[in-house]
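As written, the chain order gives the labels A, B, C and D, with residue 1 at the start of each chain.
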């Protein structure tokens, strides 16, 4: 038996649910779970199906071809199909902050994240010992004003060699160049340490402190070419008061960052995210 | 065009989603929205469909008959069908506390609740002026140790005469007798002022204060014959600390009660609640 | 016995707490409650004292004079003294939205707000019936592009005649002119329907929807001459997801607005707010 | 300069704040921070002072003696004095669950917890590698039905030898015998995986799932001889719905447990907790 996930979006029309679930049935598949959403403003239909098929690679290939011809074309669908059992390959980019890295590797070690981590990449050597203690390859690629293009080339080669499916920026603190972003559309997850769109850019905790907010936050989002403007996957907040200084904001924020980033990673791994119109549909 | 809501549960089996959505399509209906859940532990399947049909009462009657024969029987379904446009009729029971009543009537007045309120019933006269100011009939039925059966009879007659679909206990503070409960199964919504199962019964804020909890809560649930043991629809909490005394708990709790009760009412009105095994599936 | 509240701030220095509490004691007062905060970055000291004195108006006047001469001067204090039992006089400005008004008047009616409400002012007549039902004078002062100065004059006269201590903008939807603001510094409380500084200005729910946030909020703040830039008193948030449209945001936001505004009002009434450097210290 | 923390509680009386802060001043100390609470129901006064003194061990000893004679006795105070710079010594008890241990050691490694960890004790060997990777001594003391007294003796000797100030049960899963508890009153912090008093005892996530709650929680509390009945230090909650099974509850709960336990530890380390009448005053 093979578990397969279908992610579909297309202009909204009558009968899509029936058509798709019926087609799966006709191909001897069983729709285990269906979730659906219609954005009425945009007239767009979204669906996530979990299906079970007999484990026959050839039949699945045939299924794909038939689905494209007999269903997807008629509805002008954008669709993707995933093997639910196959672990996606995730690269982690870090800089000097260790809390998100510790959190991700701890969750991975205890079986919480259904993912492979072939490589950790950093512009500094500081976190190598952590990677070592979890037995994950660590690659130090320095980034400076002068070696931008060279670093990007090294990054992209390394990601390609490691067959990386998606990338997590675990407080990487470097701007990803547009060409890099374009090669991993909706596949680079960043954690920003504010409740966006408040306090984009650098030093958001300092700005939040200065503004005197009573709530701070963290935002997990896909990286686009516009800094901190990509589709938001998850947000979380914590209360603060006058008794907290910037350092307290940073400490409280660390917990938010860990929780939000790990949730965003999970949604991505479980194929629960559909991106449309710079927003996300999360079938959680 | 008529909007119809189908609520279905049955033992989990292959192909239910396809079968049902296909059946709707075959009867010229359009499945606008489908939500689904499988409780794997209990092997039970749950589904909520919003469908559009041509507005033809006769055809809908035929649909119902066909669905029973051709679908529901085969899958051993428990199912219900609602006209989404028809406002259900809700009775409110109150005692002396006014905050939940104010909240419900205020929301109703501003169009937030798609419901009719033919009657407010109380064992005291205190809140009659509020009912009057919102132009809703108010019926005072005193309840004492000695007139239990008589009061129950009056209640049930009044509810029947007013064609009440479901009942909201807005801090009614009286125990509903089993016979009454049995006539409105999963149709009596109570607000309990604690996060159940902590602090069931009387004076939960006092008990919470005594125990020194750091969080208080409120619970909206269906009434069953077991006091405060019915299926939970919604819960919400608020933080407290040593600076708060019982009176502060009560004040903070009032806001929780209002919000939780109004959410529970909305879920019920919108036919988003399925009850099974003393728990709720909320398709929110 | 008379309860008095002292609010003090001054440059931080050794021995302030001892000096002040000692001074109160020397004047036959009893410090019932003291709360204190030091902003180390700004080197500013903040204190709130609740004291009990014998009920002798003359002695209190003497206390004030002595405190100024013997304590406040030495420490370069900014300080205020309030009679805790005297209800402050609050004006409410509304436009067409009724939910915050209902909420405030409901809380007032049930004794939750220790305040007098001599007047409700609006640029529309829509909410007059609500004011009437709570027996509170309602004054309709239309505001247009052309009558700005005249409306402001009427507002200020009305507030003066009603001896108003502070003003609540309960979704008033009009910008308060600088001259008006200056006459009530840190005495005009506004509710803004976003978690500032995200989405200042008009239609924040629409902007939040467009940005695809997963959390919406509301902010209670003092009005300054900079729109939505005043000191934040309280903030609260609610989770949203792709299933919610702008209308859902607005509905969820209404509950946030009510709760945040009523909390901000309470903090102000109970003299728990100290403003400094465009931020608030809330002794809650 | 030496920073000192005073924790005081006594029957409420006039003038305590002035007396204490004045006394500190008279001994050339500077009260940097004072927090105070009065439980009016119990008539009990609580205070936490942070003071600065010249760094002179002898003078502090004299201060203590004078304070006892001249202040504490008159007010019938229970009081403690701590050197704020001295790191308390914390023992961690674990069993097989690793998430809380990882969390505590990670926070400790990054400087978040002002504490020494001389020893980790466990009834199983599973988590020794984690202790090793953080270079903290790990002692395996098996516990069975038959060796209860012997294990207790070993525990107590080890704690004494390591000069342990307080103990953290990081999901230790064993009941601490009364004699052990009595030797560390209000010095053993446990994390219970429910919002107490709901679901005390074993398998709370299973019970919560069975009851169909919409909110789960975790509770950090001091251990007393009554199981899960000790004074609550901190609680936190997470929302769940019908889509979550017991395993999801457990996963979500892990994050709660980590956050609640680390907060409880911090409050304890920073001497912010006063226990009275089986409740806590947290000066946070």
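Convention: contacts are C-beta pairs under 8 Å (C-beta built on N, C-alpha and C of every residue); 3 or more make two chains touch, one makes a residue touch a chain.
Since this is a predicted model, take the numbers as computed values, not measurements.
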Neighbouring chains common to chain C and chain D, by label: A, B
Result of counting contacting C-beta pairs for B-C and A-C, higher pair: A-C
Centre-of-Cα separation between chain C and chain A, whole angstrom: 42
Separation of mean Cα positions, chain C and chain B [Å, integer]: 37
Per-residue overlap in chain A, given as positions that touch at least 2 other chains: 243, 284
Residues of chain C that touch chain B when the two form their complex: 98-99, 102-103, 106, 109-110, 112, 133, 243, 251, 255, 259, 284
Residue ranges of chain B in contact with chain D within the complex: 37, 39-41, 46, 195-199, 211-215, 217, 231-237, 241-243, 245, 277-282, 284
Chain B residues touching chain A - in the complex, by the definition given at the top: 14-15, 17-18, 21-22, 24-25, 30-36, 38
